[in-house]
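Structures are listed in the sections that come next.
Next, two complexes with subunit A in common: one pairs it with subunit B, the other with subunit C.
Here is the complex of A and B:
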């Protein structure tokens, strides 16, 4: 009960300092989501990861420099400036090294990431060994430090995030071209290099302010997960980018709130785990590409295909035998389906009212007759089209038509009829009926 | 044999580097360098759980946990990539950050009861490793040497055993599968090997520096050779070199820069050393290094410039245009491919006695004239051929022939001669010189 009320207090921002921190972090979430969505669409996700790891020497270097000039090394803006410089340097080094060595991107990124981080660790070792150096707090860049954030930090984060967001929104149209039609963009005179650099600078900015919230190892999650998750809900660019912003904000809000509840819940981890859960949820139930949706779609297609197979097999069997009824045994050699599957198909067709069971086996109802005729007709139209216009032999056309007929829409059927107009529209099968032998 | 403190650190560093170089080489040639990064982060929850279960850093639990979480991360990356149709890099990034946060959370949550420091996971504690010893055959050996040696043996053994299969699946997975090696199993096998390597190494150098040692030495080796077995051998050697250099520079470099006998993290400096070795190879490697390639392209540019200069002299002589030395050098200067190189070009021409200054004018020598004639012959043959066969408009012939003439050897010129039949003049009406 206590837990519930305290969570409620935090979510509703009862405590002043928590309120500021949570709002600041949420703004960061919006900016990271939006910028990250571009990064994901541009397939630059791991570049962001490399850049964020390589920021460590920048942070520690700035600390050492400030220490040397007697600044005490604690100026936050100074440390962030160092991080930004190192980040831009790393982002610049990757294409340069790739061109110079001819190695693949992943190797170059691994070298820059590992080498840069190692340099940072070595410099951290120096900072720790320096007499009188107070390096406490540098490590918070690695893990994030939401818990110890104060009002000023949060305001700084919030303002930077809003500015980044505004720039990203202003450049959205250019970035869309960059992500989807680079060459068209070039033809319009957009400088792809400049835009890529701009995107990188935005990403570095978000990363730098994100360091404080989630630390440099996990900040990449803040950039890529919202965009990747949003993709499951929509195919529309503006909606996807906005949704990514919302997902980022929600995850940061929840994460920062939950981590404020107890001292040993590191905010970075909680935020990332919240993001991952949102991603998992989106992957499962996303309305556009989610797993559930796709499973339902494929089941629906499977059911319709099965029904069409049954109707055609029944109609063709009746046509070749000249009877009014058929049995399961007659249909089973026509197609490679198991008897149990065939029985199930019959049961569901009975439920639909297309066939009825009688003592000689099964018979088509009136509506079933119409439906079966249409299925057979579509199949033969397509067969005829393939024979006339795609030069496929009559003996092979059954298989090919079989694969396509299930997705023929009404318009396409009408078009086929126009193309084949004047030919034998009574449509006799161009090949012998009775199985796929 | 006993080693002193620094000796043990170097031995451990070399073992780590050798362990990493083998799976690292395979990862890099497969274009999966960043998978090393992802796995080294993703083993964290496995390490934490293994540690919680067994309560010690030795023993198989941590390896088991790490191998499971490493492979799980690889599988989940594949699922997110395939099923969710998310870009591979993004899939990797989102899976490994989720695993890493889970691991971090577990470690922080249990920090009171277990002695596993998140800092140690990230940067390792190679400085402390020699102090934590076990007795092995009567010798005091650092505990960490054992798992490293076992993983190294496993890496070497499996590479020797499966070299052909790994090679085939790395470069032509379709063919390999058709020949009956299952590319998928080898893929996940490599992931297990990488995960085990990450666990053995993280305690010494931390999970992120492991990435540097996985990727940088093989990348440096690829600058030197493209034979896979040599890539692995060289990567191991360069990794070992990085470990040695790293430890010594950790002891000395901060002191040089800041004075006062400072030292720093050996693990960090090992990563820096591997980066420096990579940059050195990228710059100086024979054949593929930046300098070597620049030298080759300069040499080619010089050859083209000298040939252009000879061609110009030949054409002037052919048309009996008498120009003095300054006028000729002005003309040469205006050729884009000679331009600023004029001085060097003239020196090379004079040194090769291809042409000489006679009576204040440039004259071709006999050997210079022969060389120039075959060049002009190639040029005009190409123009004739292109005009006839490739229907290139005559206004564009010159530029194409200008490029091709420099790569035409006598055999090719002879072939062109046959192709263009009995034409004696080029499309501009200039005679094609005899061979």
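Here is the complex of A and C:
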């Protein structure tokens, strides 16, 4: 009960300091989500990871320099400046190394990430052996320190995030062009180097700010997961980028709130776990590309295909036998379907009211008759089109038509009718029907 | 390096650019990784004509177009469009890249892509507004895709994607169109539709330079031809230039010497 009320207090931001921290972190979530979505679309997702890891030597280096000049090494702004310089250097080194070596980006990023982080860890060892080294909180840059964040930190984070976000929104149109078709952009006179630099500066800014919240190892998640998750919900650029911002904000809000309630849990990991859960959820139920949606679609197609096969087999069997009813045994040899599948198809057609079961087997209802006629007609239209306009032999046409007709829309059927209009051929099957062959 | 002896320039040229040409290229050499792909290209395309660039694979057809638009660095040479460098007339020049150069899974609609053609006039910060969308709709209509404006681009067929690229160039309302294989992997109906649009543009006074790879149709679609194989083998009016000799010189084995030299040169510069 205590837990529930305190969580509610925090989520509703009852406490002033918590309120500032949570809002600041959430603004960071929005900015990281939006900038990260551009990185995902630019196919530079790992750039953020490389830059963040390479920031460690910058942080420790800044500490050592400040120590040497008697600053005590505790100026937080100084440490962040060191991180930013190292981040920009790393991001700048990637294209330079690419040009100099001809290696691919992923290999170069591996080198820069590993080299930078290794150097940082070594320097961290040196720094921590020095007096005051342990108190400087250098390690908090690796895992983040949301819990110990104070009002001023949070305001700094929030303001930086909002400025970053504004720039990102202003340039969204240019980033869309850059990410989709950079050579066309250059042909319009855009300097893609300048835009890439801009995107990189935004990413470095978000990363530097994110170091405080989630630490340099996990900041990649804050950048990339929102954009990746948003793609499951929409096919539209602006919507995807905005949704990435919302996902980032929600995760940071929850993460910062929970960690304010339980300070022993590192906020960074809670934020990232929330993000991962949102990603998993999007992957499953996303309305555009979610797994559930795709499964439903393929089942729908399968069901419709099965129904169309049954209706056509029934109609053609009736046509060739000259009867009003059919039996399962008669339809069975017409296609390669198992008897159990055929029975299942009959059951579902009865449920739909298209066929009825009678003494001699099965018969079409009135609505079933109309539907079956339409299916047969579409199939023959398509066959005729293939024979006349695509030069496919009449003996092969059935199978090819069979595959396409299930996806024929009304538009296409109308077009087929126009193309084949005036043909004196009543729509009879161009090949022998299964029952007669 | 001397020019291999059996290759003679078809037309003798001075160093001056032709001021009446829509595009005038002088002494252009382009190299990938120091391996030359285009040697000493000298070329004039008269204003208001429908010109094809034809040549075998690896002849440098796309490279020529990209080099004209500064998309590739030049080793040497000078390109003028309407008498000026590309940078100062770029709003009069439209470009249709090859379809495979972009990710068609990208989250944009056909209309969004076509509207990108208006970005040049819009500048960096102005958003796409009503007027731009209308222009994009009109361009989509011209290529017969107005019903597909809202479709996400991965749901378009290859030919429709190609027409979206064409519409994006139309929206630029340019005087010179550079097109890289607009007929690649499109069906016959789409090809006809594209040819119609090209002819329309041509009769409204525009100049079109199109990379084309089908010798069967080149004489039917175009009135000016540039035969290219690492250098300009011949260029001029279709009926005078599309000759058996020129074709043999473009596609035949005579140029392997040039290619070998290029490979050797590339190797040399890598060893160094």
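The definition used in the following text is that the second predicted complex is superposed on the first by the 426 of 437 C-alpha atoms of A that agree within 3 Å, B and C clash if a C-alpha of one lies under 4 Å from a C-alpha of the other, contacts with A are read in each partner's own complex, and residues count from 1 in each chain.
In the analysis below, a residue touches a chain if its C-beta (ideal position, glycine included) is under 8 Å from a C-beta of that chain, and two chains touch if they have at least 3 such contacts.
It should be emphasised that the depicted structure is a prediction, and the values quoted were computed from it without experimental measurement.
Annotation: superposed three-chain arrangement on subunit A; subunit B versus subunit C shows a clash. When the shared chain is aligned, subunit C comes close enough to touch A:235, but subunit B does not.
Residue contacts after overlaying the shared chain place A:188 against subunit C, while subunit B stays out of touching range.
By the document's definition of touching, of the two partners only subunit C reaches A:171; subunit B does not. Of the two partner chains placed by superposition, only subunit C is touched by A:180; subunit B is not. In the superposition on chain A, A:414 makes contact with neither subunit B nor subunit C. Within the superposed three-chain model, A:221 lies in touch with subunit B and out of touch with subunit C [touch as defined at top]. The partner that reaches more residues of subunit A, of the two candidates subunit B and subunit C, is B. In the superposed pair of complexes, A:117 makes contact with subunit B only, with no contact to subunit C. Taken together, the two structures place residues 43, 102, 231 of subunit A in contact with subunit B in one case and with subunit C in the other.
Subunit B contributes residues 28, 31-37, 41, 80, 83-87, 89-94, 97-98, 100-102, 104-105, 108-109, 111, 118-119, 122-123, 206, 208-216, 218-219, 222-223, 250, 254, 258, 260, 262-265, 267-272, 274-275, 278, 282, 288, 290 to its touches with subunit A in the complex.
Put simply, subunit C touches subunit A in their complex at residues 33, 66, 69-71, 87, 90, 93-95, 97, 101-103, 106-109, 112-113, 116, 119-120, 122, 124-125, 127-128, 152, 168. Subunit A contributes residues 41, 43, 102, 170-171, 173-174, 176-177, 179-181, 183-190, 231, 234-237, 239-240 to its touches with subunit C in the complex. Touching subunit B in their complex are the following residues of subunit A: 40, 43-46, 48-49, 53, 97, 100-104, 106-126, 129-131, 139, 142-143, 217-218, 220-221, 224-225, 227-228, 231-232, 264-266, 268-270, 272-273, 275-276, 279, 283, 289, 291.
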